[in-house]
Amino acid sequence: MSNALVFTLAFYVLAIATLVSGLLVVTLRNIVHAAIALIATFFFVAWLYLLLNADLLWVAQLLIYAGAIPVLIVFAVMLTRRSMSDTSNAESGNVLWAAVIAASVFGLLIAVMMPAAWHVGNYPSGLAGTTAVIGRELVNHYAVPFEVVSVLLLVGLIGAVVLARREGE
Amino acid sequence: MAAPYSLMYLIVLLPLVAFAVMFGLTYENKRVSAWLGILAVAGADVISIWALISELQKPIHIQYGLGPFSDFLRFADVHFSLGILADPLSAMMVVVVCSVSLLVQVYSLEYMKGEEGFVRYYAFISLFTFSMLLLVLSTNYFQTYIGWELVGVCSYLLIGHYFKRPAAAAAAKKAFIVTRFGDFPFFVGIAFIFFRFHGHMGGAADLDFYAISPLYHAGLVSQGGLFVMAMLIFSGAVGKSAQFPLHVWLPDAMEGPTPISALIHAATMVVAGVYLVARTYPLFAANPTSLVVVASLGALTSVMAAIWAVAQDDIKRVIAYSTLSHLGLMMFGLGVGAYSAAMFHLFTHAWFKALLFLGAGSVIHGVHTQNIWEMGGVGKRMKITTWCVAIGSFSAAGIIPFSGFWSKDGIMASVFATANPVFIAAAIVITFFSALYTFRLFFVVFTGEPARRRAFDPKKIHESGAYITVPLIVLAVLAAFIGFTGLPGSKQGFGQFIFFGKHPEVEAINYIAIGVSLVVALVGVTVAALFYWPRFQRFSAPAFNARYARHYDWSHNKGYFDEIYQALFVRGLVLRAGQATAWFDKNIVDYFVDGLADGYQLASERLRRLQGGRVQGYAIGLFAGVVAIAVVALVFGSSGPLSVVSGVGR
Amino acid sequence: MSIGYIGLNHFLVVSAGMFGIGVYGLLAKRNAISLLMAVELMFNAANIALVAFARFGYHSAQPLAGDAFALFVITIAAAEVAVAIAILLLVYRLRGTVWVDEIDLMRW
Amino acid sequence: MTVATLRQLAPEIILAVTALLVVIAGLFIESDHQLDDGAGERPRSVATAIALLGCVASLGAMALLISSTAVPRNAFFGTFVLDRFALFFEAILVVFAMVTVLVGFRFTEHFRPHQSEFIALILLATVGGMFMVSAREMIQLYVSLETLSIALYVLVAFNKGSRLSSEAGFKYLIVGAASSAVLLYGLAILYGLTGRTELDAVARQVAAGGFNSPALVLAMIFVIGGLSFKIAAVPFHQWVPDVYQGAPTPVTAFISVSSKAAGYGLLIRVLNSALLPMSHQWAIYLAVIAAITMVVGNVTALTQTSVKRLMGYSSIAHAGYIIMGLVAMADGRTATLAIGAVLFYILVYGLTNLAAFGALQAVQEGTGGDDLSSLAGVGRNGGGVPLVLALSMLSLTGIPPLIGFFAKFFVFLAAVQAGYAWLALIALVNSAVSSVYYLKVVRALYADDGPERRRLTVGPAMWTALGIGVLAILPLAAFANVFVQRAQDAAAAVLR
Amino acid sequence: MNLPALVGQLGAAIPSGATVPGANSSFGFPLLSLIVWLPLVGALVILMLPNRSENDHGRIKNVALVFTFIPFFLTLIAVYVTVFIDLGVSYSGGFRYEENYNWLGVFGAQYHVGVDGISLPLVLLSTLLFFVATMASLNTKTRVKEYFFLLLVLDIGVTGVFTAMDLLLFFIFWEIELIPMFLLILIWGGKRRVYAAWKFLLYTIAASAALLLAILVLYFKGGAHTFDMTVLSQSHLAPALGGTLFWLFFLCFAIKLPVWPLHTWLPDAHVEAPTAMSVLLAGVLLKMGGYGMIRICVGFFPAAAKYYSLAILTLAVIGILWGGFAALAQDDMKRMVAYSSVSHMGFVLLGISALTPLALNGAVFQLFAHGIVTGSLFLLVGLVYDRAHTRSISELGGLAQRMPYLTVAWVIGALASVGLPGFVGFVAEFEIFLGSYGAHHIGTLLAVFGVVLSAGYLLWMLERVFFGPLKEAWAKLKDPTAIELFYMYGMLAIVFLTGVLPGKLTQLIDYAIAPLTQRLGGS
């Protein structure tokens, strides 16, 4: 098997897995199952990143998305009653509207993006890992956002603490 | 400019000052106020007689601006002015106005004694005198219109003197409004004249009578235009002089105090219309058609009023219709070209009609009723009054040699000269009925036994005091003898003093006219005697009236004009239009206005419902919106296949 | 340019699909927590696109900007989820429900 | 990156550090305070004082920056700008933050023991906003936007005892996240088309590559749409009434001014850099959005009874007017005038709204509600608070000589000059309609009969806030020239 | 230190704009600004005063009296100097007492005020009526502080409109009037005050919208990018654009004037407003519409005014007759007077449609005349209402017996309103009709009929209310108090004086009208 064929095969497997698990997230009627499907989705996306040579993101995705965020969500699921039943992730009355709109958003994106003249660049063949490049960029181009993110995290921290804390305890 | 003309402004000023002082300073003091008014008008009278004498000696036309008011409005190229005009016509009128006013005021000292609003009454008479003099001495249409309106208001105020009586209040309003119907075309006529002749005044103020006179012939206006112009001006005269069809206000105006009827509604204000036509005679003369209209309307009014007068029961109303008839006669005269005679009749009429009214007032003062059938036999108890009224009646009926005869005769002559059978017939009818109603009144009131009236002792009737009788006597003398100033064929008569156009030749005496009118008048007196003088009574008036009930009712109800006007115009047109407009505003205009507001309210209620409160709804709106915008932009935008827009970018 | 038989568009289809799924989830589900999950799917969709663009549209002036962007997005998403869950718990505590169609005290 | 370049971030850094100090101070004083269960005044006073001092220091730093020629206007490879435009916005954001803190002074009592966190979050949100308006690069743009947003999510839900507050926070978060995703996707497409995230570079690429591609149009719609969330334009507006009603009043005030101002700053920046080559496209798009937005906002507001909710719709309506100014920006001849007008509008609208919400806050403290019925007769006893509320309503209506009129007038002027007389006409009609609901408030205050009430009393902090508002509403008109001039300078900067 | 002066100094105090030497004030101090802005000082003083006891109320009322009297007095000085000293000597047209300061230089807007023959009489009118209205409000008992505060704010707007020479400033003053009047009706009004106030507000604000749009378009299309009215009035516009702008402006002023069919706000507002406000509404607020029409519609777009003369005439005649007929059908005295306003303002429009020097002069003069006369009538209605607590004509009757002084005043007022010579209305109507006849024969004829109607409804009302037997219910009514008599007869004295000696005033007006009509001739 050539490299290209492996790559192709890997892509299709991952793509299908990603989309199917994504669909499961929004179709499963049990919220815990949906959360597990979400973890799967994030997991597959991480491998898609790797296909795109984005090793740093692969790690980040696995750690943060597939790791941390679902944990938070599961916590939330556990903390809210009614969550474990089979209708804990039921559809609201908007299913038809939702389907139509989601389909048209998808259709719109496909119709516009497929024929688009995307910017074409030459990916440097010698690039072994992206971490070094991104790290350099973070202190050059993205120094300010890097600092702002710290503010953002501070905000998130304060916010989560203030809101989640029970009064009188 | 020498006296007396230079002093003529005082004629206008004195009564005005009297009015102002009365209202401002002496309102609480009846005596002082009344005498103030009398003295003021007496002073004015002296100056006006002086002016008349000067004019008689040397007829002259003089006019000058009235102090600060000579530039009443002056800017750009417009100039409206108030001034004093002295010529034979105005000099004659001034004397009439001042003298009658003086006599009436003296008369009122007793007549109005103890009445509520005594000073108000005197003040308004002064104001009226001022206004009337302003009108008479006017140099131009503008000033005339001012005076015109002012006398109208004074008339309104004085008719409404007894404002507590609903009838008086209504009559005052009616007089004012009905005259306004004549005034507004008059006003438009002035505008028309201004529009045509402004810019051709050659230095004179706009609308100046003497400056405009030659312009009527200057070809600035077509004959049709002149006719319209004349009719518009004439409309004013129709209203003020109570000519048909605006005659309805004058009989009602008798709700005012009797001396007021004598002053305003007999001698002065109501003849202002006649005076106006005379003053603007050049305009009418420039368009003969207009004179025919004047004559016809005058004759019609005169005939109708004369007929109606025969069927009235109120002493003042009889005289009022008599006034109407005589005013019609004056118009008739002007219309047939008897300018001098018409003016002469105006002159004599002032005295004898004032005399009749004041005499009637004296009777009312004694008898305390106005219904002639409740009177009777007054002659025995009020001798002076009776004799004076008799003179007045002879004069009014046109019996030789009293003044009315001579002036009426002049008009008759001119009517006969037209050889128009309708006019001649009209003149005869007028003459006959004038004599008839005048003496019907006289016989019913003064002869026979005192009529019986509940709770009234005829013995209480006694002659009035000197303040009443002296003016009566003065007027009787004038009514008796003033006619001789205008004897037909005289070389220094009235016709040689006040005339239109070239200085007239001495006219030949028209004996046919004299004869016919005298005979007809005597027949009228005889008929009256046969019906109403107990001593000679041959026919029963009630029986006659019953036999011709339909005719009598028509006449008694003044041709039903009041009722027709009320139903047709007041109720039918004006009030209904008022209700219609008010309804339209409320139900149509506001319907749309309120509807717009309600529409917004409704739209708001609907739009609110889109805000369902569920966050997914918002998300749906958000994504649906984005998709919709994107589709529209992609399809119809400038890059899309169905591009319809092309914006401006930079 | 492509890697083997796979080009940029292949990844974009996955991205668009994810985005569509996210939209559906956001609009159709009743549980507030699954709404959060749907939002995360949408962020992931964008991230896939960003990383794909960075790979196929490499620009030497800003190398791998897409990767960097995606990294920031991941961070932000984490913070956002933390705050979101805090708010959600607050709502649940006060209202006893996490069903979005029951959270409609304020409307019109 | 050196310390020298960090100078340019001084205002933001000062504010962020201040926020930290506030939190820390709060922790200490709070624990200290728990022993003595008296009034909660002291910790709040200290935290507020620190915050205000920080704001002043930040403003001072800005003043130094603006006067110093040594400081470069661009930094960090052009991702961060410090032109007059950015400084204008930074300054007004800081001022808005100060006034918000003052308005919330008494109200934060309800947030014990998190009073200082409340203040800190407002400062941090402001920091986010300041970074937004200085952004010239997508990542910074997005990150700072999210910083502001997340801080606001928390602030909206801050009233933990209130069901309305948490519901509002939840709704705000969901709609915000969705909008954020849309924006992110739009940015991704832009990046994909150009390979760059620096806005100027994007603009160059777009201009070179032709600007009619459907992908570009879609990106434009996604980006403008995502930002529309912040400025409350249709169809991203539906969160507004709910959040305005549910959030604690000082937060509502803050959202209605700071968040909006930062949103506009960013939108103007994006429209004038990355999307500049497409100005003919977004002009039409924005014109239609403007018309719909003002109609929806004004008409719906007519039947509101909650004043805060009413102000939410009013906020939507005003977004419509401001977008009208943005439309006029598309025309090169009117661009300076238009942006100047919009900036002036934002400043004026912000100060007026702060005064309105401040007074409303004071009224609520007195009567316990924000319904028109609970406002009834409040003005009868006289006093400054209802007067300020009434004045700010009239200013928002656009009644001269109040400052709101001038703001509207300049925007209309710009629209007409750019050839959008029809839009100006729609705006005028809407403005006329808006008078109805604004005057409903005035009517409730002064004309309606209400229960006997005592005259409202407010503390010095609120007085200061209201005073700033009144000064802005009334006499500013006479000196409007000065402010318009500044706005025009700022406009010129963004157009450079 | 008044505000504009302050503004002027802060705004770099560039007295820009061409001020004609000699035409300027000889006072050397900002007379007009004082007249316009002094009420603001009064308003602020009132705002500071306590409002608890009767004493406090008295103090507030005194402040209001002082701060409405001083502007009136200053205006009197200005009028005296202009009319009796300078007229025809050192003054023969143009604006005087001009002040011009930089204000919104960015947009070319100036603080520019001045008066000429058109505006000076109206400034006099408004300062006078505000003083009178304050006197007429002295018996206000409820919410005294707010009332006089709003009254003084209203004063600024109205007086300002007549003095503004900058279109933006004009608009601002125009709008200042809106809210105070709205509140004054809403709070102190009659039974249907809420409806009336909103109606007034919405009509007026619709008018403002049209005005603002017109101003904006004119600003750009006028070519000069300025708001200076003297400059704008000379701008040359394409006929189509000129026509459009003309109608836009006209729409605004027509609502204010009001012109049929945009008049229905007027009866409601006038009826529900408290007496003093009815006086001001009829006396000065309507005048803003007429002033705008003459100053802007005719002054800026003479060609369009000429072109659409017939359409305007039609509206005028309909308005005159409509108002007259509708007045006949009213049972409420105030409503009747209100409809009479509709009719009488139709005369103004008639004068405007004719465009002759005489007619325009008359139109301006009618603005002044109607202001005083109808202002007086509303005062008189108020005096009746204060005592009888009803305005229903059919319920009243025979009041003359109890209230002779009031009756006399009423008769004078009614006769003045009817257009009796000797009163100011006559002069105006005379000028208008004579001036307009040349342009519109039939139209003028119909319009003059409106005068007959006015005699109809007014005298009929007098008859039913004051004359006839006294109805029992009114046997205890008392005549007005001394102060009421003072301002009542004071107003009537002015009605009389200006009616008897209108010469100087019309000359003054003509100085302003003449250049206008010259342009009409030329276009």
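Each chain gets a letter, A, B, C, D and E, in the order it is written, and its residues are counted from 1.
Keep this in mind: a residue touches a chain if its C-beta (ideal position, glycine included) is under 8 Å from a C-beta of that chain, and two chains touch if they have at least 3 such contacts.
These figures come from a predicted structure and were not determined experimentally.
Can you list every chain in contact with both subunit D and subunit E?
Intersection of subunit D and subunit E contact lists gives B.
So which chains count as neighbours of both subunit B and subunit C?
The shared contacts of subunit B and subunit C, listed by label, come to A, D.
Which chain lies at the heart of the structure, taking centres as C-alpha averages?
The most central chain here turns out to be E.
Which chain pair shows the largest tally of C-beta contacts?
A-C
Look at all chain centres (mean of CA atoms) and spot the one farthest from the centre of subunit C.
Farthest by centroid: B.
Measuring between Cα centroids, what's the chain most distant from subunit E?
So the chain farthest away from subunit E turns out to be A.
With chain centres defined as C-alpha means, what is the inter-centre distance between subunit B and subunit D in Å?
Spacing between the chain centres: roughly 77 Å.
Determine the centre-to-centre distance between subunit A and subunit D, using the mean Cα coordinates as centres, and give it in whole Å.
Centre-to-centre distance between subunit A and subunit D: 31 Å.
Averaging over Cα atoms per chain, report the distance between subunit B and subunit E in Å.
The mean C-alpha positions of subunit B and subunit E differ by 36 Å.
List the centre-to-centre spacing of subunit A and subunit E in whole Å, with centres computed as mean CA coordinates.
A distance of 71 Å separates the two centres.
Indicate the residues of subunit B shared as contacts by at least two other chains.
If we look for residues of subunit B contacting two or more partner chains, we find 608, 611, 613, 615-617, 619-620, 623-624, 626, 630, 634.
What are the residue numbers in subunit E that touch two or more other chains?
Residues 198, 202 of subunit E touch two or more partner chains.
Give me the residue numbers in subunit C that touch at least two other chains, ranges are fine.
Where subunit C meets two or more other chains at a single residue, that happens at 19, 22-23, 26-27, 35-36, 52-53, 57-59, 62, 65, 68, 72, 76, 79-80, 83, 86-88, 90, 100-101, 103, 105-107.
For this structure, give each pair of chains that are touching.
So the chains that touch one another pair up as A-B, A-C, A-D, B-C, B-D, B-E, C-D, D-E.
Using the touch definition from the top, list the residues of subunit B that touch subunit E in their complex.
Within the complex, subunit B contacts subunit E at residues 68-69, 71-76, 78, 80, 142, 145-147, 149-150, 153, 156-157, 160, 163-166, 168-170, 172-173, 176-177, 180-181, 183-185, 187-188, 190-192, 194-195, 574-575, 577-582, 585, 589-590, 593, 597.
Which subunit D residues qualify as touching subunit C in the complex?
Of all residues in subunit D, those touching subunit C are 138-139, 142-143, 146, 150, 153-154, 157, 160-164, 166-171, 173-174, 177-178, 181, 184-185, 187-189, 191-192, 195-198, 201, 241-242, 245-246, 309.
Tell me, which parts of subunit D touch subunit A in their complex?
1, 9, 16, 19-20, 23, 75-77, 79-80, 114, 117, 120-121, 124-125, 127-128, 131, 137, 139-140, 142-144, 146-147, 150-151, 153-154, 157-158, 160-161, 185, 189, 192-195, 205, 209, 213-215, 217-218
Would you tell me which residues of subunit E are touching subunit D in their complex?
For this pair, the touching residues of subunit E are 3-4, 6-7, 10-11, 51, 102-107, 143, 145-146, 168, 171-173, 175-176, 178-179, 182-183, 186-187, 198, 201-202, 205-206, 208-209, 212-213, 216-217, 219-220.
Going by the contact rule set out above, which residues of subunit C touch subunit B in the complex?
Contact set of subunit C toward subunit B: 23, 26-27, 35, 100-101, 103-108.
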